[in-house]
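Please go over the structures that come below.
Consider the two complexes below, in which subunit A is the common component and subunit B and subunit C are the respective partners.
Showing the complex of A and B:
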């Protein structure tokens, strides 16, 4: 049997790879349970926890609403990050074999990104629906877009973590630590505005989301910052995943 | 049966399809003062010619799987050079497959990787499923297969594109007797068509099937006469494949794996 020379088009590989990764995601009950259960638990958990807080002098928003806003960003981001991490770790050796068989790593990464983005979108939609139950966003489409951005950002972070730390437990712990710290510093509960805090991945998506939900505005600077964070992570993932993931390559 | 006839002077056997020279590999801990450094390969040389079947033997932990991973390009050697011509098929010792894809989806995905058209992949799938007897499991997810059936799919993935060089790391682990024999028939067909096959084996009785045998010991690869090697089991080889390769229950591994997806394939892990 002869192979088809240059093979099927890259687009064909991309489609087949993305479909395969999505099937793998949908056939894992734990992933589906996370997608359904995490957003309501986190959004309502954060909201109810914050509802016992007194009104704070430097925060104009009702604490429960602020809690739900923070919870929504955390849920959308962490869910996508976790799935990105699990996908890369679980499929590491199979990915390695697929690459050896001729599936180039850039296309493999693109197909995995496609699957993680789809999960980020699904997570953002579920999270947004849960938020809408108690909070009416002033600019709903922008708010949903900000959640997708938060999910995509952490989806990339999950893939990056999975590439450099290919263990589910250790990777999950690292991810939860980073996401907790990131959400807390971005929440506005503490008045910290340093370059380091602004460099954290959720800072700009959080600002974008908060403004869209509470004020109905789109801060262009925040949007630029969020897209820049995403771009930086994308480059990091491209560099690391294609070199590190899947084994010890020449 | 050895395939000397496929390696005649004017046959395809003159054509070297894979050559490895001075391969060195050492495993060392990335963390200072933790773990130990193990020198696995120390100047290993190997040549594969079209149409021949070569055995690679050695004790557990001698570095056979490491050598095969270097030959296929999955692992980078510390030193040395590997030259390949033509397409390569690789069957790793531990199936490297996507657990939650079905067998048919797995073949479709790897077919795409090899650059096969849909029709070519479907043809290869049907041919190999019939030959290796896993037709009725095409719609099963890989995680639901028994160890033996998973190994059949593992082997089928290596054969999909009809490679010029086939590198097999204990490919029949968990096979029932019928499939074990079918495997050797398939191998004979492949070598007749000019495919070069290298197989890691632990079975003394198989050595008469090889044209040449390489023995890996203390990091060095030595070519030995296959007939002479037949009587020497000092490397930990097993005398009878029927006692070791066949599924433990003798049922042929046709059933499903454990409900929780646990791999029931016999443990043959080689720690290097």
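Showing the complex of A and C:
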């Protein structure tokens, strides 16, 4: 009975925490604008910008379509990454105090994760809808799943960076430089396949998404790689958030 | 009569100069006290330029170079040159955004205490330019590990111009959006401007000419691959910076007086 009561209390705290974090995100009109207005701007911006590129020998896709595909992955991933980063940077002291008051640090992290994943899901749905306006994905459900994976991966990366680099400018610098290299190398403008490129967080979600949209196929190896990246990041976040981010104060 | 005896806005030119220098030096000291940030400002731009130019496949592309016609250049060399002003813009934009956000509260109180808003704005913008100088130096050195530009000083100037332009835009963004939206806009803006629209491999579109990355990219390509550097991109870039600088000084000064 006591275990059930504790479990219910934990679930209540988790639900309350996630709802509170989501409300604080949605309270800012500019965040809603980012969630709704930026995906069309990013997807179409990438599409139009890439349409001015000549067709390259190693790319069989029309540049504008490739641009929209790249833009969709960027739009789904980067917003979730920023939310993960700023959720942790802004909440570090509050979470430390809650941990001192007896809140389980894993529950606090789970509520942050819940909010980040909810925004990642919403961002992926909006981005997917925007993409469908100009590009018809061959395997829509897999494509949507790949966008959710991209968002979740960057959400976790943002949380990890926020826990390791708890100042806004440093965390933002780290996130944008990872995102820059990630997006460039996955853009299709260069034909690179090295171990370093495969280790970048967006590599597998990007490959999965591109195959689902353009070929209608599910690349099992890419799916495994994307899930493995997510799992590694999740473990790293759990370790860092519970040990480094205030764990010594709790 | 000391500065503190004067009503706000009546400090003379020398006082304004002293305030600007004091705030600028204090800002530099603050940077020096955060070695992690300094290391990141140096390491990240170098990492992006070196990693990307080294990972680029060994292929050549035709490039239109002012004064030299069309040259065939290695793609890795082209990206080493083109990415240098882009990282300048990225770091400058973030520095402008966070500097203005962090300093607004304190600067607002200094204005109430009698400090000149123009002096404070000048000091903050000078700090953004200082970050630009650091990133430009690191960027040119990193690019040189892949390709030594024909005129490194011109590539340095192009990177500094990009950092200052985007630093001003970052400062303006800090007045209207929060940090999350600001970082998003800086990354998306620099990526689409420099990497896609200004990319020398793309057709020169009409929109690209009116964006802040146009003059720095033209200047960087000139400095990277031509010994005959055209003055036109430098002049148009400086004109753009002057216009943007005037708008930023007005907007930041106004925000300090009304905060």
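Here is the rule we go by: the second predicted complex is superposed on the first by the 238 of 250 C-alpha atoms of A that agree within 3 Å, B and C clash if a C-alpha of one lies under 4 Å from a C-alpha of the other, contacts with A are read in each partner's own complex, and residues count from 1 in each chain.
The rule is simple: contacts are C-beta pairs under 8 Å (C-beta built on N, C-alpha and C of every residue); 3 or more make two chains touch, one makes a residue touch a chain.
Small disclaimer: the values here were computed from a predicted structure and weren't measured.
By the document's definition of touching, neither partner reaches A:215: not subunit B, not subunit C.
When the shared chain is aligned, subunit B comes close enough to touch A:12, but subunit C does not.
Ranked by how many residues of subunit A each touches, subunit B and subunit C are led by C. By the touch criterion stated above, A:20 is placed in contact with subunit B alone, subunit C being left untouched.
When both complexes are overlaid on chain A, the residue A:101 reaches subunit B alone and has no touch with subunit C. Of the two partner chains, subunit B and subunit C are each touched by A:28. Within subunit A, the residues touching subunit B in one complex and subunit C in the other are 28.
Residues 28, 30-31, 33-34, 38, 41-42, 45-46, 49-50, 52-54, 67, 74, 78-79, 82-83, 86, 165, 167-170, 172-177, 179-181, 183-185, 187, 189-192, 194, 196-197 of subunit A are the ones touching subunit C in the complex. On subunit A, the positions that touch subunit B within their shared complex are 1, 3-8, 12-13, 16-17, 20, 23-24, 27-28, 90-91, 93-94, 96-103, 247-250. The part of subunit B that touches subunit A in the complex is made up of residues 72-77, 87, 90, 92, 94, 96-101, 105, 108-110, 112-117, 120, 123-124, 141, 157, 161-162. The touching residues of subunit C, counted against subunit A in their complex, run 34, 36-37, 40-41, 44, 47-48, 51-52, 55-57, 75, 79, 90-91, 94-95, 98, 177-181, 183-184, 186-188, 191-192, 195-197, 199, 201-203, 205.
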